[in-house]
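For clarity, chains are labelled A, B and C in written order, and residue numbers in each chain start from 1.
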Amino acid sequence: MRMKRKKRAQWLAFALFRLLGVLVVALLIWILGFIVYQGIGVISWEFLTTGPTEGMTGGGIYPAIVGTLCLVVGSLVISFPLGVMAGIYTQEYAKKGKLVQFIRLMTNNLAGIPSIVMGLFGMTLFVNTLGFGDSILAGSLTLSLLVLPIIIRTTEEALASVPYAFRVGSYALGATKLQTIARVVLPQALPNIMTGLVLSVGRVSGETAPILFTVAAYFLPKLPTSILDPVMALPYHLYVLVTSGTDLEATRPMAYGTALVLIVLVLIVNLLAHGVRNRLGRKVKMN
Amino acid sequence: MIKAESIDFYYGEYHALKNISMQMEPNTVTALIGPSGCGKSTFLRLFNRMNDLIEGTRLEGKCWVDGVDIYDKSVDVDELRKRVGMVFQKPTPFPKSIFENVAYGLRVNGIKDKKFIAQRVEESLRGAALWDEVKDKLKKSAYELSGGQQQRLCIARSLAISPSVLLMDEPASALDPISTSKIEELIYSLKEHYTIVIVTHNMQQASRVSDKTGFFMLGELIEYNDTKKIFLNPAMEETQNYITGRFG
Amino acid sequence: MDIKRKKRRGLQAWVSWWIEKILAASGGITAFIILLIVVFLFKEGVGLFQSPRVDEGYVLLMHSSNEVDQLSADELKGIFDEDITNWAEVGGKNQAITSLRLDQIMDRFTEEELGGEYEYLSQRMGELIATTPGVIAFVPTLYAPLDHPAVQAMTDNTIALRDFFVGKEWIPTATPVPLFGTLPLVMGTLWVSLFAILIALPLGLGVAIYLAELASPRVRSLLKPVIELLAGIPSVVYGFFGLVVLVPWVQRVLDLPVGETAFVGSLILAIMALPTLISVAEESMKKTPRALREASLALGATHWQTIYKVVVPYASSGISAGVVLGIGRALGETMAVLMVTGNAALIPHTLMQPVRTIPATIAAELGEAAAGGSHYQALFLLGAILFLMTLIVNLMAEALAKKQHNKGF
């Protein structure tokens, strides 16, 4: 009798957990399915290549796509070299101990700072104090702070996964530390570092709060000509379409279309990250 | 009484145990010795079906514990494991208090009677020669005990559910010499009530605590006999080489 | 063979020396950024406590016989809203209060009396105040009859720390003094975040157990990318989804006057916190030593008993680190919450009311606040409060994650 109860509890619990697993998948399908279903009809060549017209109830989102691309490129040009260098320093150079612990703690804390706080900071430092104004430069700098911890962390992990034997082999040939890192360790770690880069692309293209006060333009049909120009951006554009259009019913299709483009972007980024990681997985097995 | 008949065991393609038959008597200590990877631990883990937990394994042959074919479909694995206690190489106390560690086996088997549990915990701790050392700190975390005490706690934990068989997988290999001798004394005294099978690397230990010894090599049972006989006058040359330290 | 250390010279040595220095400098970048953030947030915000409450260019006038010279922001609001109608209520004489704004004063006089260019406005104001002992008037300093013997200007205080931290109302555009009570915003943020974790915890823990203990490698390789994707969806998209799907649905099902509530905010945040929670919990459960698991099974425990009696307790510090991290994320989440919670700056009494969180307030109001003004400063202080909240939460998560390998208790 007693034994049966034990078994029944297990059966019930496991059934529940399976159900929860299914639920998570269902949740994703629901969200993605809803946006795809509502947005697919809006997507057209015209939607992707023209600017908004008729008070954002018509036309497309071309300037927002261009703006987001500018921000992605801009922020990664800043954060990628900086993050990789910081990662190399903590993983390869800094003496293991209090200092590294402190740096790691700070990196984790930076990762935990809310994006709106980053926005506030970016606004005072880049927009006002340094005088960049609402611009691609100010926005990219702010966004780069947000992805810096991601890049540092993936770099550290990537470097740590390079087998010690490789380094020893290089040192044994009389190479200096810098030569060893540059010629042996970095090339080995590169695919994994790229995962961090790809994930950062996803993060930058989806963030709204940091660009609210540093770059994003409400409506700006012309394309930027310099890094000191403001731009539209996909996530902010979606926010504007959803909350502050003059005719919310008429802008809804535009909003669904924009959301779909954002989602597709995220999907591509995730697939890429997955692909990079899988390739790396094979490489490790081969060694 | 434990009995194994024509056991063949595979990890995927790897043939880990080859046609092993063996019988262990009640109230005796049987030691299994042999070089690393010879299959002695795998053999031990057959008797509480611990190998079921590893994916891709396959068993041929039959095992009996107290006259029951333990790989029969009608057997409840949890119930079997209650009858066959096991002590592992490294002490494995749970993240709970000393008391709760010993009470664990009773609780998971649905016993709620507080008085009975308290009584069993005390008996088991006495049985494992640990009671005097811990009776004042039963509520403390098991992690506060020393390694040797933790291992005796794990033995007490096994005793609490009144098994008839105790399997020990190198129970003293992670301990200091003093703790080891305490565990050995304990094993010797426990055989009064239990059938004990112990896997060990340490040949002195096998000769000190066991009544019978089985020597394994490359998945085969080379020789199985009285401990005295094995150590003083082995029948097989491989056994002779191993116990005199020529390989392994 | 000469293997003595030589002083390296030449371009190559010089370059590598510099590269190493640059690497070292970039190593400290994160600490430097955090320092900068702290400095700038406080620098911009701290002026709030030095700025006068009444907007620059305005003044509060009273009859010179009035002995009350200190009024809190709440009291002033009460007076001008006519909730407080007698000076006795604020520590003065038993006398009715007449609160006047500029337009109310001007309504009492004809155009001739005021003069074509309001040249007599100041004089008329003086007469009006002189004849009304219970008066309090909020007027531009330009027109204030400060030299009239029956008129005194109320001494204005700076904004009090107390009003900021425990004030119950956030009305930054209120006159004569704006109300910067952060309590409703802090409470709103905490309510929404904590309830979100309450929803997400059982769900996330269940999925983590499924992933770590039950799922076959095939199912796991399918489920993991799903969770990563959930983590990758931008917060505006979640907000949008919440607004067009969850808000109407909650409103209909629960029969509420408005669907934009703290509850929907928590739902959306729960979905957003799930991926973090699941992956951290799963990882820490996977770290449970195999030996511990086997020891439990060897005592006759079922797989499920082993999970909830051994694996989950062992992983508890790791799981709580995941929970705390999730709370941190939820506290700082801006866009999704901004879009679905209705943004009413009220101290929430139930979850079915609109609320406003700190990040949403900053996002919604900073665009309208004049740079350097008290509203602007107040928003920066809110940012600083949020920063401190998340910092504490992150440090807690860090400590918990470290604890996993010490004691399991």
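The rule is short, and it goes like this: a residue touches a chain if its C-beta (ideal position, glycine included) is under 8 Å from a C-beta of that chain, and two chains touch if they have at least 3 such contacts.
Everything quoted here is computed from the prediction, not taken from an experiment.
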* Asked: When the contacting C-beta pairs are counted for B-C and for A-B, which pair yields the higher total?
  -> B-C
* Asked: Taking each chain's centre as the mean of its Cα atoms, which chain lies farthest from subunit A?
  -> B
* Computed distance of Cα centres, subunit C from subunit A, in Å -> 24
* To do: Would you kindly tell me how far, in whole Å, the mean C-alpha position of subunit C lies from that of subunit B?
  => 59
* In whole angstrom, how far does the Cα centroid of subunit A sit from the Cα centroid of subunit B? -> 53
* Structure fact -> Multi-partner residues in subunit B (2 or more other chains touched) are 78-79, 108-109
* Which residues does subunit A have that touch at least 2 chains other than itself? -> 6
* To do: For subunit C, jot down the residues that touch at least 2 other chains.
  => 302, 305
* Could you pull out which subunit C residues touch subunit B in their complex? => 289, 291-292, 294-302, 305, 309-310, 313-314, 316, 407-409
* Structure fact -> Interface with subunit C, subunit A side, in the complex: residues 6-7, 9-10, 13-14, 16-18, 20-21, 23-25, 27-28, 31-32, 34-35, 82, 85-86, 88-90, 93-94, 102-103, 105-110, 112-121, 123-125, 128-129, 145, 148-149, 152, 176, 178, 202, 205-209, 212-213, 235-236, 238-239, 242-243, 252, 255, 259, 262-263, 266-267, 269-270, 273-274
* Okay, in this complex, where on subunit A does subunit B touch? -> 2-3, 5-6
* Asked: Contact residues on subunit B for subunit C in the complex?
  -> 48, 50, 53, 78-82, 84-86, 88-90, 92, 94-96, 104-105, 107-109, 141, 143, 154, 157-158, 161
* **Contact set on subunit B toward subunit A in their complex** => 76, 78-79, 108-110
